[in-house]
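Order of writing sets the labels: A, B, C and D. Residues in every chain begin at 1.
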């Protein structure tokens, strides 16, 4: 049964993410966390939500939401990310 | 009741699927600003968020994630049962609802335990707690709605069979979405630099 | 209806850009209107015009009116961006700094030598000036139409804008970001004077101590010197800290600029210096913007 | 001459529990007309106040509440629902040969949610109004305003879901219920426009709902992500708000473009010029519209580099709009143009939208925006696009499809007089505001320097003419309901599917399932 296999996969990933947070990896910790969460999300979407044999339309719709969030995060990063580049208000010397 | 605008139930099922997926897009974007606030807070005040995260109960969080993913499994099996017209639909729906309630129970106990810590949080750590309660609270509200719909399906389980089962399928997709949201919330709140706890 | 004077260096370049874009877009608009009227008259119902096979599409025409405007727009964008950068990029650093604090429905300006004024701002002719803005409550926006400059004052941080007055006279000052009941009354006058008259004006008026000395007085009164100046408490020495590269406890390195000093005073636990404990109390809410900028000026000049 | 869907039931209950998309459209039309005149009244009061430099007609607080209610009501209760919910609901099923929307019950729920949101906003108005401006900028809205901000936020939150449901309905209907033979590139441009608008409704409105909730939470429990003392940043709010609000202005103008693309080919008796480019331009506006929100924040403390990124993208979004204006003009070439009332409205729309678009270019350029933002130049710019564009196109659409909606013909001469009055009154009101903006009069000012009085007087006089212009259609369209000539099935010999069924159409829209064999605008010029 593919569903049970998917479930087992999810459990393994859960254990992995929980364990990985106990190894000091600095910024890599959050990268690993996000990666595993995306993997779990993908597993659920493809198997449980039947995107595996869903039409192209449903797949595009599924991705659209995340893509638009990406626009919000990406373009506003152009503000928050570059605030420190332009010199501080008082730069004199 | 006017005749449905569709010619066949197949056409109706496709429309329902497109409808629920379009609705999930709005849900993803509804959670968007909260994730946006979280990312901004995390980048500008890492130490306050880490401190806040250390007050969380990791064991309960991990258990909750396991419970919710199991409920996704039972929901998926329920949808398969509905498609096959099997009687086991009712049992899967009951299991899903019970797991959902278990999740809410653990969540409520966590809230109760953490409410004392929130009192003396201040500055950016207060924002962490606000985001924690706002996001997990909104998730819990969505879960409660999900449990309500599953209960409603359970009462009308006899109606669904191989010919007509789109309500079960639609609820299944909604349930899995709520699970995916929790999958992202769990590491964000519980697993911040656990090694230095 | 007086025409708007161009009283700063930026004003001239903004005017030039505005009139050229106005002419360009005006021509495009008139061309479209002329075409519509011409077609309207020529092809009105019942007119004997030749209507054989109206073209449903023309590939090259449609691509033409995509890429031609695109090229023009990129030109306007670059020109505008270059002039815009002049407001913010640090020009020759002889710019005179004036701290302007927005407070619900008044502008409080303070010159480097401590001379204060409310809803008034005196500036010397021909000398580049940098306005450093902060606000004590909501968002305000420092707007002088004659200089073509506008900059929001955002709570929680400093914002600044840079220009050079080029014409003597009195000009309107407005608040351009809605800030409550008397948003419309929150404004005043900007007076541009000859440099000599300005220097003389700066010395006259209420003689309060210079910003740096006010900062030093605060440095003692609030107890900063208790820990940071040869004391038993293990706290970083602040002499000459401005401009230095600081190594933080979590491995990051930061240049100690005004924003860093400000955040260290208000949110000390955020960027703790390597090798020190986060024991410094936060001064959030005890200092208003004026005192904060005085303290930071003192730290800057205490080389 | 049966009364079609209007004759299906005369009781109030039959109207309030209908699932028929045509009746729901009429319910929406009544509701938004009421809100239009509420917003209009606020605008009239403001223009009267601004006739004199001193703040003598209303107090500063009242003026602030007036422009807030004008903004909130006009944006969320008139402009956003006007064409998608009224004409979209009525025409989308008719134009694609469907019996009804995909989810009829959801459609009715959307109207009730709209009314509920309206009640909350009206309650906020009665309880003393709100003075934060329709933009709700923090920290004024969260900490310093003492008016009932939370009540109006609940109202806007609820009405947001009403437009999400309408958008959802239109998207699923266009995807799943097209008549046989109706491929995507045989769809009328009105459908393309409403489809793209629904995409924006679905992708942008939820962000607004959550952002306003965060403002309400921060106001009630003073905890949140916008307060600098708690490590937040007021610019977070502006990013989130404008991420919704710029696509929202495209929600308001895109359907108007769809209407113009229907009316102009019909009265020029020829196919639209460059159909494919027009369809792609609609999708282009909808997608690039999401990338440009930062141009509202050039002077708000946003970093210089972000300003440049958003300025460049704002110039890109102007390209599809330019394509559409050029195509509308080219559609007149070699046509046989009949200047009926809808045509006057449509040509007025193209003209005023062009002026609005050109001044948008001026505002997109960084250096000019520093001087012009938050002044009356911006007010004139967006009113040229919203009032000159969307409202003119909405009125043109109401006149063009009035035979289909009411089964009656409107009086032609009165229609033309109203169109010209509105065009003249509009220009007299808003063109002086461009000059005021360049001269440096900030927006949302209850008092202003005396030297601006002459231009403000022109503007206030124009507002009076505009008010009369808007009252005319209300009068003669109402009159036409009872005494207007009975409308034939296709009074304009137009080519849309909606003209192949009776007017007003029967409840189930089409007696025989229509089959589509040709492209949308197959007009033969010689009539």
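Couple of notes before you dig in:
Following the convention adopted for this analysis, a contact is a pair of C-beta atoms (placed from the backbone, for glycine too) under 8 Å apart; a residue touches a chain by one contact, two chains touch by 3 or more.
Quantities reported herein were computed from a predicted structural model and do not represent experimental measurements.
Considering every other chain in turn, the ones in contact with both chain A and chain C prove to be B, D. The busiest chain interface, judged by C-beta pairs in contact, is C-D.
Taking each chain's centre as the mean of its C-alpha atoms, chain A lies 36 Å from chain D. Centroids of chain A and chain B (each the mean of its C-alpha atoms) stand 17 Å apart. A straight line joining the Cα centres of chain B and chain C is 45 Å long. Among all residues of chain C, those that touch two or more other chains are 88-89, 159, 267, 284. Residue numbers of chain B whose C-beta contacts span two or more other chains: 18, 22, 25-27, 29, 32, 36, 40, 44-45, 48, 123-124. Listed for chain A are residues 57, 64-65, 68, 72, 76, 80, 86, each touching two or more other chains. Against chain B, in their complex, chain C makes its touches with residues 250, 267, 269-270, 272, 282, 284. Contact residues of chain A toward chain B in the complex are 3-4, 6-7, 10-11, 14, 17-18, 21-24, 29-30, 33-34, 36-37, 40-41, 44-45, 47-50, 54, 57-58, 61-62, 64-66, 68-69, 72-73, 76, 80. Taken in their complex, chain C has these residues touching chain D: 1-4, 10, 13-14, 17-18, 21-22, 25-26, 28-29, 32-33, 35-36, 39-40, 43-47, 49-58, 61-62, 65-66, 69-70, 73-74, 76-77, 79-81, 83-85, 87-89, 104, 137-139, 141, 143, 145-146, 148-152, 154-157, 159, 172, 174-185, 267, 284-285.
Across the complex, chain B meets chain D through its residues 2-3, 5-6, 11, 14-15, 18-19, 22-23, 25-27, 29-34, 36-37, 40-41, 44-45, 48, 123-124, 126-127, 129-131, 134. Chain contact summary for the complex, chain B toward chain C: residues 44-48, 123-124.
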